[in-house]
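What follows is a pair of complexes built around chain A, which joins chain B in one and chain C in the other.
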Partner chain A sequence: MAAASLEDQENRKAWGFVTPALLWTICFFVIPFIVMTAISLATRTGREIVMAWNFDNYITFFEKAHLLKGLFVSLEITFTVTIISILLAYPLAWIIAERVPQKWQRMALILAVLPFWTSYVVRSYSWLLVLAKNGVINNTLIWIGVIAEPLEMASTRSATIIGFVHFFVMLLTLTIYANLVQMPPNYRRAAADLGANGFQVFWHIVLPLTLPGIMVGAFLTFVLCIGDYITPQILGGNNELALPQIIMLQLGRRADFPMAATLSIVLMGAVTLAYIACARWLKMERT
Partner chain B sequence: MISSRFSKVISWAYLIALYGFIFLPVIVLVLFSFQDGRLPVPPFNGATLKWYGEVFADNRLMAALGNSLMVAIGSSLVACVLGFCAAYGLARFVLPASRLQRGILIAPMTVSYLIIALGLLSTFNWIGISLSLWTVGIGHVVINLPLCFAIIYASMGDHQKNIERAARDLGAKEWQVMTQVTAPMLMPSILAAFFLSVTFSWDEFIIAFLLSRFDVTLPVEIWSLLRSGLNPKTNAIGSVVFLFSIALLLVLELLVFRRTAKK
Partner chain C sequence: MFRHVSTGITRKKLLTGAATIIVGAVAVATQPNPAQATEELNALVWCDHTDPALLAPFEEKYDVKVNLKEYEGTGAGLSIIEQSRPGDWDVFVIDGVDVHRAVDMGLLAEIPADALPTSDIFPEVVMAENNVVDGKTYAVTEKFGYNTISFDKTKVDPKDMEDMSVIWSDKYTGRIAVYDYYLPVIGLVGLGLGIDTADLGTDDMPAIKEKLFAMKKVAKQVGEVVSSQTALATGEVDILVGGGEWITAVLSEDKPNLDWIIPKQGALRWAQSIGVMKDSAKPDLALKFVQYILSPEGQSKLATSSCYWGMPANAKAGEHLNDAQKAALRWNDQAGYLKNSQLYPIPDENLDAQMQDAWVEMLQQ
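Let's look at the complex of A and B:
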């Protein structure tokens, strides 16, 4: 009897510690998410939002070409960015882990991710300085006489991709480096002893062992990239709108909350699919 | 021999090229914040501190900077306290559905900031809460709480459990154990969580943009500066923001990681 009441007391204490954080997350994350989902089922008439409880907004999304295109633009940009970032970051992480002397590695890594800590707005503005019509690259190239007319680099998809790749190369270098240094050196020595050449060691031993790290980094890249509004807005301009830009357009100029909510749910759906794919793949690797 | 030297050269060339790519925008930003002229692009006309003077004389920017500091420190404190308590509860006691609870606490990490902001905006509109720095702070706690919880939860090991048990046997009450035994032992990770939260909140744009009205944070104010195009003043305030983030990380590195590394 006494033991049970002691247990009750312990339990109550534990709930006391966990409840505030749980309540906060439920009130300001779970409930807002439900509210937003409900609003995506409403319609806008004039400035009023009427709860219609139908899927009209979703049907509109798939019917209107310019909305659907936003999703494809976002997906294309995200996939391109993810692949380029991995290809650039892997050798960097490898060189830091293998070539840079042990005592400098930490320093090299900190340096490699230093600009990671600028805000999205400032980082995108910095790239605008580099890529703009009268920016650093154009002015320099004209000054040394390589080109006569400035190149159009800002307000293009390439500018968006460069801005994103810059950010995610830093992120992926971190996750891949962490994986590389965790790997026991014996595996590679064993493979080399058995006659594998450098490329074979990399392809059959190192790459498979670091794939989980790559996948985690790739997933992070996907989530952060597809949901970002700032980079495509500042660097990509208005020629071609990514999904977050369209969402902000619905909110701002059109004050169409239900449509913005619908598009957000679609965005969320894309992320969830990516997550399921990643989780599946990681599980398959393990078994 | 030749091939190994060749690969060495390639490696170093690649390293330098990528560091160049990573640092190019930052160097351009900082260098041309000293530009003596109206455009922050080459050629570099000479150094002046004029634009920094203008930044610090700009009342709107300074107000936004103050707001950003307030929101960052306030929301990080709340996120750390809530995260620490939740981590303590979940790591030290056996609770029903603890996996689900952890899942709920971590969930906001996997959702885009834009969606979190939009959900909060719809809810605040619906209830009729008007937007202010408070609503921005609430949003920033939502994004930083999972981070704080995860960092602190991960550092709660079993060896600390015995010390806590000893304290309890010696008559310490639960809150005494928590504040005088557990918290000091976990101070490095609590500080790490706090400083990371401050940096994230300090740099965050979309939540601050959608959930604020009259008083705004620094990234939102910089965003409205961007409409005037390339301007050395924007470079100057951007450099200030960057240097502040780096200073925070330096504090984190010196205070937290160095000390734990020594141990």
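Let's look at the complex of A and C:
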């Protein structure tokens, strides 16, 4: 009897802790998501939104090549950014964790995340000035005689990727660094004692143990990058539209909330698939 | 166990410092501050109205804080209104050709005709057919200009700019920016194909689309006002399709190399109107704001706003503009320009959807 009462008490306590988070999620995620899904099943007639409860907007999305292309542009940019960011962040995190003396590591991390302190928009516009025809890079390359004519870098997909990578390398550095410093040095020593060379130690010991950090950082990069509107808008020069830009066009120019909701659901679908892949992989790693 | 740590600040210094801060705070608090004005007015405007130099005389005179929300393109403006509550907005600046649309939606209030300086407005831009519905005035033209071709005359051959086809020819590949507003640019492309804006219909869209795609192929970027202007000013591009005096005039002192032209096929004339919102809780104050904007002083400041310049609708604004400003606005050439320009297309819902689809398709090329 007493045990049951204690269990009830524990249950009530657990619900007490969980309820605020649950309410928050219901109010600010579940309900808006249901509303957004419902709106995506409506149609816009004139300036009116009529609840049609059909999938016309989804069919339109797959029928109109310029809308579908938005998803592919977003995915291509996001995958490219994620891969380049991992390739740059890993060595940076490694250097901070392994080569920088411990007393300087905190300072190195602060320096690594320093660009976080500036506004995201300002940072994007700054990149535009750096990459412009008369920008820092072109002027320097011309001055030292590497090129005769300025390179076309601003208002391109490359510019968008550079802007994104600059931001996400910092994020990935933090998640990978956290994994590297938690790794007991004995593992590497043991591998070395057993005859593994430097590359083998990295490939068979260090990399597998830091993969969770990479995956978590990669997932965050994927989510933030695929939903970003500002960077492609400023640095891409509107030369191709990512899905968030198309969503903004539906809202800003056409007040077509049903189509905007449809595209948002598609975007969420892509993020959900990425999450499932990431979660399954992490689960597989643990088993 | 406790140590006394001297901060090096004496009590006298501390008190002096505190007194200075208090005196300073009081001084700031007693300054006229629009943020603490007794009334507020909410206006949905184009970015030229956000210049503090334009608003300050009105705010001071009426002890009011004018809150502004800027937008580009009527669709965006109407979208904002739809997301607002009735009464949120007191004043609405809208594309002249869309006044009927706003009146049909019941957004604008009638303005007493005798409250406006109509006789001072350039006759060509009174646009009664747009601003007056069923004999009632709902809006008044406040500023106008041209969507045409801006260019750097030191880098391109100005003769080439006289023909609209330059915007889709490959002579200046990678050196062209396109203003990201589908209506004027589609109108310009239409003019290039010999289609008047008033006659533009769905049958014309395939040909227009083809030229839009060709234009995109040779363009370096498609951008909104700021990025387009920056691209032209910094030499990132040499030509801006959809530009005009509103892009180059504001830079006339610093960038005399920038110029604009109306090609032989003509140009688009933009005209912005201002009106009082029907659901405004402060219609009298809103009307006073409209009257201030239409006054010669308000007009001269609006014409030379830091966001973009444009011709004032009120001819008397000329008394408040200097010769350099008039030259940048091409004050004396307006008669010819007005003759060789057409108003924006006014698409119905179906054509508008086709135009927007074509625009997005072009962007995705």
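The criterion applied here is as follows: the second predicted complex is superposed on the first by the 251 of 287 C-alpha atoms of A that agree within 3 Å, B and C clash if a C-alpha of one lies under 4 Å from a C-alpha of the other, contacts with A are read in each partner's own complex, and residues count from 1 in each chain.
Throughout what follows, a residue touches a chain if its C-beta (ideal position, glycine included) is under 8 Å from a C-beta of that chain, and two chains touch if they have at least 3 such contacts.
Since the model is a prediction, treat every value here as computed from it, not as a measurement.
Visitor: Give one of first, second, both or neither to describe whether A:Ile226 is in contact with chain B, with chain C, with both, or with none.
Guide: A:Ile226: touches chain B, not chain C.
Visitor: Which partner does A:Phe199 reach: the first (chain B), the second (chain C), both, or neither?
Guide: neither
Visitor: Have a look at where A:Val130 lands relative to chain B and chain C in the superposition and call it first, second, both or neither.
Guide: first
Visitor: Please determine whether it is chain B or chain C that touches the greater number of chain A residues.
Guide: B
Visitor: Taking the superposition as given, does A:Ser155 touch the first partner, chain B, the second, chain C, both, or neither?
Guide: second
Visitor: Is A:Tyr275 in contact with chain B, with chain C, with both, or with neither (first, second, both, neither)?
Guide: Once the two structures are laid over each other on A, A:Tyr275 reaches chain B alone.
Visitor: Between chain B (first) and chain C (second), which, if any, makes contact with A:Arg253: first, second, both or neither?
Guide: After superposing on A, A:Arg253 lies in contact with chain C but is clear of chain B.
Visitor: Report for A:Val18: first if it touches chain B alone, second if chain C alone, otherwise both or neither.
Guide: Touch partner of A:Val18: chain B, not chain C.
Visitor: Once the structures are superposed on A, label A:Ile234 by its partner contacts, choosing first (chain B), second (chain C), both or neither.
Guide: both
Visitor: Please report the chain A residues shared by its interface with chain B and its interface with chain C.
Guide: 132, 134, 234, 251
Visitor: Show me the residue ranges of chain A that touch chain B in the complex, using the header's touch definition.
Guide: Touch residues, chain A against chain B: 10-11, 13-18, 20-22, 24-26, 28-33, 35-36, 39, 88, 91-92, 95-96, 99-100, 110-112, 114-115, 117-123, 125-130, 132, 134-136, 139-140, 143, 166, 169-170, 223-224, 226-230, 234, 244, 247, 251, 257, 260-261, 264, 267-268, 271, 275.
Visitor: Can you name the residues of chain A that touch chain C in the complex?
Guide: Residue positions touching the partner: 46-47, 64-67, 69-70, 73, 132-134, 152, 154-155, 234, 237-241, 246, 249, 251-255.
Visitor: Mind pulling up the chain B residues that touch chain A in the complex?
Guide: 8, 11-12, 14-15, 18-19, 21-26, 28-29, 32, 39-43, 82-83, 85-86, 88-90, 92-95, 101, 104-105, 107-108, 110-116, 118-120, 122-123, 125-126, 138-139, 141-142, 145, 149, 174, 199, 202-206, 210, 219, 222-223, 226, 230, 234-235, 238, 241-242, 245-246, 249, 253
Visitor: Contact residues on chain C for chain A in the complex?
Guide: That would be residues 73, 75-76, 78-79, 82, 105, 174, 180, 182, 220-223, 227, 231, 234-236, 349, 353, 356-357, 360-361, 363-364 of chain C.
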